[in-house]
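Note that chain A is present in both complexes that follow, paired respectively with chain B and with chain C.
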Partner chain A sequence: MVDVNAVNLATNVLLLGALYSLVAIGFTLIFGVGGVLNLAHGAVLSIGAYSAVAVVRATGSVPLAAVAAAAGAGLFSLAFYKGMIRYARESPVLVLILTLVMGLVIEQVVLVAFGGQALAVPSLLAGQTEVAGQRLSNNRVFVFALSWLLIGGLFYFVNRTKTGQAILATSMSEKGAALVGIEADRVYTYTWILAGVLAGLAGLFLASFQTATPLMGRTPLLLSFSIVVIGGLGSIRGSVIGAYLISFLDQVTVTLVSTRLAGVSALVVLVLVLLIKPEGLFGRELAEH
Partner chain B sequence: MAGNTDTGVRTWGELLDPRSMATHQQLGLVAILALFVLPLVLPAIWAFRVAGALFFATFVMSWDFVSGYTGEISFGHGLFFGVGGYAAGMANLHLDVDPWLAVFVGVAAAGAAGLLIGFPSLRLQGPYFSLVTLVTPIILISVFRFFPDLTGGELGLVGVGTVDKFGDLLFLPSPGFSPIGAAYLALGVFLFALVVFVAVTRSDAGMVLTGIREDETAVAATGKNPAKFKLFAFVLSGLIGGLAGATYGFSAVGSFTVSELLALVISIEVIVAAILGGMGTITGAAFGGAFFYILRTVMRNIEFIGELYFLVFAVVTLLFLFFLPQGIVPAAVNRLFAGGSPGEPVTDGGSTDAMAVLRDWMDRLGGEKR
Partner chain C sequence: MSETDAGKLSPKNRNDGNVGRRTFLKATGVSAGAAALAGCTDTIGGGGDGGIPDTIRLGALGPADSPMGDSILKSAELAVEEINDDGGIAGADVTLSTKDTKDDPGTTRSGYQELTTGENVHATVGIFGSENLLSIMGNISNAQTVHMTAGAATPEAPARVADDFEANKYWFRVGPVNADYLQQSMIDYASARFDTMGWDTVAVIAEDYVWTEPITDSIEQRLEEEVGVEVTSVQRIAEGTEDFTPIYDQLESAGVDGAFTALAHIGTTSLVQWAQQQRPFGYGGIHVPTQLPSFWDATSGACISTFSQTTATADSEITEKTVPYADAYAEKYDGALPVYTGYSAYDAVYMLKDAIESGESVDSDTIVSELESMTFTGTSGTLEFFGEDGDYPHDIKYGEEYTRGVYFQWQPEGESGTQSVVWPDEHQQSEYQAPPWQ
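And then the complex of A and B:
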C-alpha cells in the first residue's frame, strides 16, 4: 500500500507541478514585465476550459477544442489588456481591483452560461499505460509531456528569440528597454497573450483529468501566488521550481495529514516567505514597479 | 472649503450648526434623522433590512478607513468581521459570557488581528501586502474547518450549539429578537463608527493617512513615521470591524457563519460597495454600503435577476471603476452641490473647518504630540 501511495503521490506531484508551472509562468510574466498582479488569471483557466467544452459540444473534435481553449483565453487576455488595463496602468490600486472584479465577472458569466455543475471534458488521449506497477491514464502522461513541451518552448522563446529577449529586457528595466528601441506597449501585449494562452491550455488540461467548474481557477490562482512568491515574482525559472515545491507540499499535506488542508500549506508558506524573505527563495529582487 | 480660513478657529457649536453646513452635509444629516424614524414606520421586514444595511455599511467604512485612506488595499477585510464575530460568539458558546460582554471580547480579538495584519504592512507594500490580506482569511477558514468541534466549520457556530442573542438593554427592546431593537442597535454601531472615522480622517491624522496613499516617502521625509500611522489605521479599523461583526452576530439579523462574516465574497462585496460609494471618503463608503445592501436584497427578490445579482453587480462595479473611479458620492457632491469649483486659493494651503477646531482643541490640551 505504501509503495502504491508513493507512486501515486509522485505522479500527482509531477503532473500538477507541470500544470501549476503553466499557470504560474503566465502570472509571473504579467507581473514581472508589466507590474500588474493579475487576479483575473485564475478565471482565464475557466475561459480555456469552457471554450473547449463549447467546441466539443458543437464539433466533437478534441484537437479543435484545444485550439479553442488557447485561442479563447488568448483573445480574452489581449482584449482585457488592450481595452482596460492599458488605460488604468498609472494607478496600481485601480488595476488590482479591476483584475479582481474582472475575474469575478468571468466566473459569473460562465456560471450563468454553463451552470454551476461540474462538466466533463473528453480526455485528450484515451487508454492507459502501466508505469512502475501503477496504471496511469494516457491522458495524464500526455498532459504532462505537453506541459513540459510548452515550458521548454517558452524557455527557448524567452531566452533565444528577439521578441523573448525584448520581454526580458522590459522586465529588467522599462527605461533601459525603451532606450534601445523596445516598445513597452507591444511587449506588454505579447506577455498578456502568452499568459492567456498558457492559462487557457492549463484550464483545458485541468478539466480533462478533473472537471470544469466556473470556479476551477481559484485554487490554481491561490497556489500561483505562493509559487511565484517562492520563486521570486517575475522569475520564470523560479516559477517552475516553486510550482514543484508547492505541488509537492500540497500533495504531501493532503495525503498524509488531511484533505481538509488542501491548499493551506501553500498559503502559509506564502505568508511566511513574504514576511521573512519577500524577494523569494531563488528569485531576483522585488520588481521596482 | 479651502477658502474658509478667514475667521480662524470656530467653536464646536458653530461647526456642528446645521445652518452653516454645505448642502450635501445637510442632506446627510436629514438622512441620519430619517434612519431614526424609519424602523418605527416601516414594516418589520424592512426594519430587518435597515439593520442589515447599517451593519454592512459599518463593515464598508472600516475597510475604507484603511484601504481608501492609506492606499494599502485589503482584500480580506472579512478577517476582522470574522475574528470579531467568532471570538464573541465562541466566548458566549463555550464560556457562557453574556452577549453584551462578549462583544468586547470580539472587539479586542479583532483589534489584535488588526495589529497582526498591520505589522506585515510595515514591511510589504502594494500587491505584496494585498496578497497577505487576501490569503489570511482563507487560512483562517481552513483552520476553522479543521476544528469543527469549536467553530462548526462551514456551517458556523450554529453547527456546534445555540449561541445566545442580545437581551434587553435599558429602554431598547431586545435587539436579538425584535426587528426594531436590531435596527436601533445597528444604527448605534453605524453612527459610532461614522463619527469615529469621520473625526479621525478629517483630523491631521487623516491628512497623514492620505499622504501615505499619495507618497509614503514624502510623508517619511516630513519626519512622520508612516508605519505608526498605518498600524494605527489597521488597529482602529479592526476594532470597529470586529465591533460590527460581533454585534451583527448577536443581533436578530445575523449569525456567526463563515459565509456571513469571513468568506472571500464578503471581503469583495465590501470593496465593491466602497468603490460604488466613493473610496477614501468614509461618507461615500457609508452610503455605498447601505445602498449596496438594500439593492442586493431587492434584486435577490426579483424572479429572474435574483440568480444574476452578483454578475450584475460585478459588471456595474467594473464600469464604475473604469468610468467613475471616484465613486457616486464624491462625483455627486462635486457636480450637484459644489458646482465643480475648487474654491479660492489661500496662502497657508487651506484647512477644513474640522481641522481648525481639532487643532484648537489640541492646543488647549497641551499642544500636539508627535
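And then the complex of A and C:
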C-alpha cells in the first residue's frame, strides 16, 4: 500500500489507544470488583453520547455536554445497579441476561428518541496543532490528554484513597474486606457510578471523534471484551496495555494490509488469547501497586 | 374519463362506491379478459380473468429506522393518499401495507412473504440495500407479483432477469440508476467538473458492499483514460471502520486533490473525520448520508462543501413533478424532506397506477407488459425500463433524456446550509466551492 509514515502510525496508535483504554476500563472495573460481565456497557457509552447530543442541541455548550455525558451515564449506571443488578448479583446467568437485555432496551429507546441518523457532536476543542511535523486536530489531542488524565486519576483513586483501597480490597476478597468492615454494597455502588461516568465520557469522546448512532456501543463492547481478555479480566493496567495492543494492530492492519480488514484484528487476537493464554496477560486483579 | 374528472369526485362519493367512473372502469376491466390473478375473489365479475378489484392492495418495504427506508415508506404512503383523494386506481381504493426490513435479509424476506402470501398484495415497492433485494429475488419470482425496487443499486438484479426472464420478469427498478450507471455518472461528473474544481489527482474510497463492486472494478482506468486525472489509489473500506485517520493520512501523503467517494452505509463517520481533521483535499462523489436534507444539522455543519450525486434535491426542478412532490411530502410530514429513495418509491406507485389503469387489470403479467412499454414522467426524470433484450432488463434507463440525477454541494446559507446543485448544467444553481480551511 501507499506511503507508510511511521510518525503518522505512531500518533494514531497513541491517540486511539487512550480512547480504547477509557472504553474498556469501566467494563473491567465492574468485572474485577463485582464479578459482573456488564453487556450493557456499550449502551452506557451511547447514553453518554446522546446526553451530550441533547445538551449541545439545547444549550450549544460543549463543556455542559461533557458534564451531561458523565452525569447521565453515571446516574443510569447507579440506577441499574441499585434497581436490578444488586438483587441478581448472585446469579451470573441472570446478570448476563439482564445486562444484555438492558443494552438492547437502551438502543431501542435511543432509536425512538433520536432516530437512526448518525449525529455529530461538535469537537471538544476546535482547530489543528502541529506535532512533529504532523497536523493533528486539537480534538484528538484533547481526547488523548483527557483520557490519560482520567486513567491516571483512576489509578490514583484506587491506590491512594480510602474508598479506592476499599474497592481494591473488595476485588481481592469480598469476605476479607467484610472482615475489616468494608461494606460490599457501598463499594459496588461506587464502582458502578465510576464505571458509568468513565463510559459516559468515553461515549462523548467517541461521538466527537466519529458520530453518535443508536448502535454505536456494539463495537466498543466487543472491543472491551477483546481488550480485557487480552489484558486479563479485572486488571486496569492490563486493559490499558490491551487497548494499545489492539489499537496498534488495528492501525497496522488498515495501513499496511487492507482497509477491508478494519476491526478484524481485535477478534483474531481475542480468539488467540482465549486459546493460548485464557487468563490474559495480567491475570485477574483489579490494580497493581 | 380523465384524471381531472376523477379529481372532482368528492370523498363521500368515493366511499359510497362511486357508481360512475368506478363501475365503468371495473366493467372494462372485466372485458379486458386478462389472465388469472392472485387474490381475485374480490374482483368484480373477474372470476380469475383479471380486471380491477374493489380494493387494490400495495406493499412497501424499507428499513423504517433509516432515513432511506423511512422515505420509501412515507413516499409510498403519500402517493397512495394522493391517489385515493383523486379517485383511486381505475376507481378502486388503494391500501398500502408497510413492512420494516430492518436492513436485514432475513427480515426483508419474511416481510415480503407476509405481503405477498399473507396479505395478497398486487404489487410491492421499496427495499433499499442490495443485499436485501438479492435475498428476495427468488421470492419475487415465486410470488409472481410485480416488485418495483427503490433504493438498491446492484446490477446483479437485472442480470438475473436476463438469465431467466420468465421467472424474474416481475422485478423492476425505478431508482436509483444501477451501480454500473453510478460509475458512469461519476465519470460524467468528473469529466464535466474536475477541471474547474482543481481535482487533478484523486483517490477513490468505496465501502466494501455489493453495490460498489461495479463502481470500483474499472473506475481507476476510466478516470485516468477518459477524464485525464491521476488516481493514486482505489480503496474498499470495511463496514466496521470507525477511524479513517490512517486512510486519510495515506491520501494526504499521496497529495490528492480530492477523495472521490462511493459510500452509503459508513459515510457519516468518514465525512465527519475528514472535516474535523481539516484534511487538505476535497471530499465527495456518491455519498448517501450527505443526501439527507437534515444532514447539515445532524453533523453540526461538518458536511460543508462535500458534494454528492442524488436523484433530486428538494428545490431542483428535474421535472414539473419534482418540487410539488417535495412540497407535499414536507407538508404531510412536518417539514421533513424526502431523500433519494423517496422520489423513486413515489414514482413507482404512480407507475403502477398508470400500468393498472392502462392494462385495466391487476394481473401481474399485464402490469409487466404495461410497465415495459411505458414512458413515464416522474419526479426523478423521464422513466423508461429496458425490455427483455435490453442491456439491463427491467432496470431504469440512464441518460440526459431519461434520468441521471444531479450532483449538489452543501454550501453555507445563513446559520445553516443548503444543498446547491452544481451539475448538470441545466439544473446548476451554483459553482463548486472548496472547503473553507483550504
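Throughout what follows, the second predicted complex is superposed on the first by the 278 of 289 C-alpha atoms of A that agree within 3 Å, B and C clash if a C-alpha of one lies under 4 Å from a C-alpha of the other, contacts with A are read in each partner's own complex, and residues count from 1 in each chain.
Operating definition for what follows: a residue touches a chain if its C-beta (ideal position, glycine included) is under 8 Å from a C-beta of that chain, and two chains touch if they have at least 3 such contacts.
Please read these numbers as outputs of a predicted model, since none were measured by experiment.
Asker: State whether A:Thr259 touches chain B only (first), chain C only (second), both chains, or neither.
Answerer: second
Asker: Go through the superposed model and pick first if A:Val229 touches only chain B, second if only chain C, both, or neither.
Answerer: After superposition on chain A, A:Val229 lies in contact with chain B alone.
Asker: Classify the contacts of A:Val268 with the two partner chains as first (chain B alone), second (chain C alone), both, or neither.
Answerer: After superposing on A, A:Val268 lies in contact with chain B but is clear of chain C.
Asker: Who does A:Ala79 touch here: chain B (first), chain C (second), both, or neither?
Answerer: The answer is neither, since A:Ala79 touches no partner chain.
Asker: Once chain A of both complexes is superposed, is A:Val109 in touch with chain B (first), chain C (second), both, or neither?
Answerer: first
Asker: According to the stated criteria, A:Gln251 is in contact with first (chain B), second (chain C), both, or neither; which is it?
Answerer: Touch status of A:Gln251: second partner only.
Asker: For A:Leu149, select first, second, both or neither according to whether it touches chain B, chain C, the two together, or no partner.
Answerer: Neither chain B nor chain C is touched by A:Leu149.
Asker: Which chain A residues lie in the overlap of the chain B contact set and the chain C contact set?
Answerer: Chain A residues touching both partners: 111, 260-261, 263-264.
Asker: Could you pull out which chain A residues touch chain B in their complex?
Answerer: Residues of chain A touching chain B: 31, 37, 84, 87-88, 91-94, 96-98, 100-102, 104-105, 108-109, 111-112, 222, 225, 229, 258, 260-261, 263-264, 267-268, 270-271, 274-275, 278, 286.
Asker: So in the complex, the part of chain B that touches chain A is made up of which residues?
Answerer: Interface residues on chain B, with respect to chain A: 71, 73, 75, 120, 123-124, 126-128, 130-132, 134-136, 138-139, 142-143, 145-146, 268, 271-272, 275, 307-308, 310-311, 314-315, 317-318, 321-322, 325.
Asker: Which chain A residues qualify as touching chain C in the complex?
Answerer: It comes out as residues 1-5, 8-9, 12, 16, 56, 111, 115-123, 128, 135, 137, 139-140, 208-211, 213-214, 219, 250-251, 254-255, 259-264.
Asker: Would you mind writing out the residues of chain C in touch with chain A in their complex?
Answerer: Checking each residue of chain C against chain A gives 63, 65-67, 208, 232-233, 235-238, 240-243, 245-247, 249-250, 253-254, 268-269, 272-273, 276-278, 289, 292, 294, 298-300, 302.
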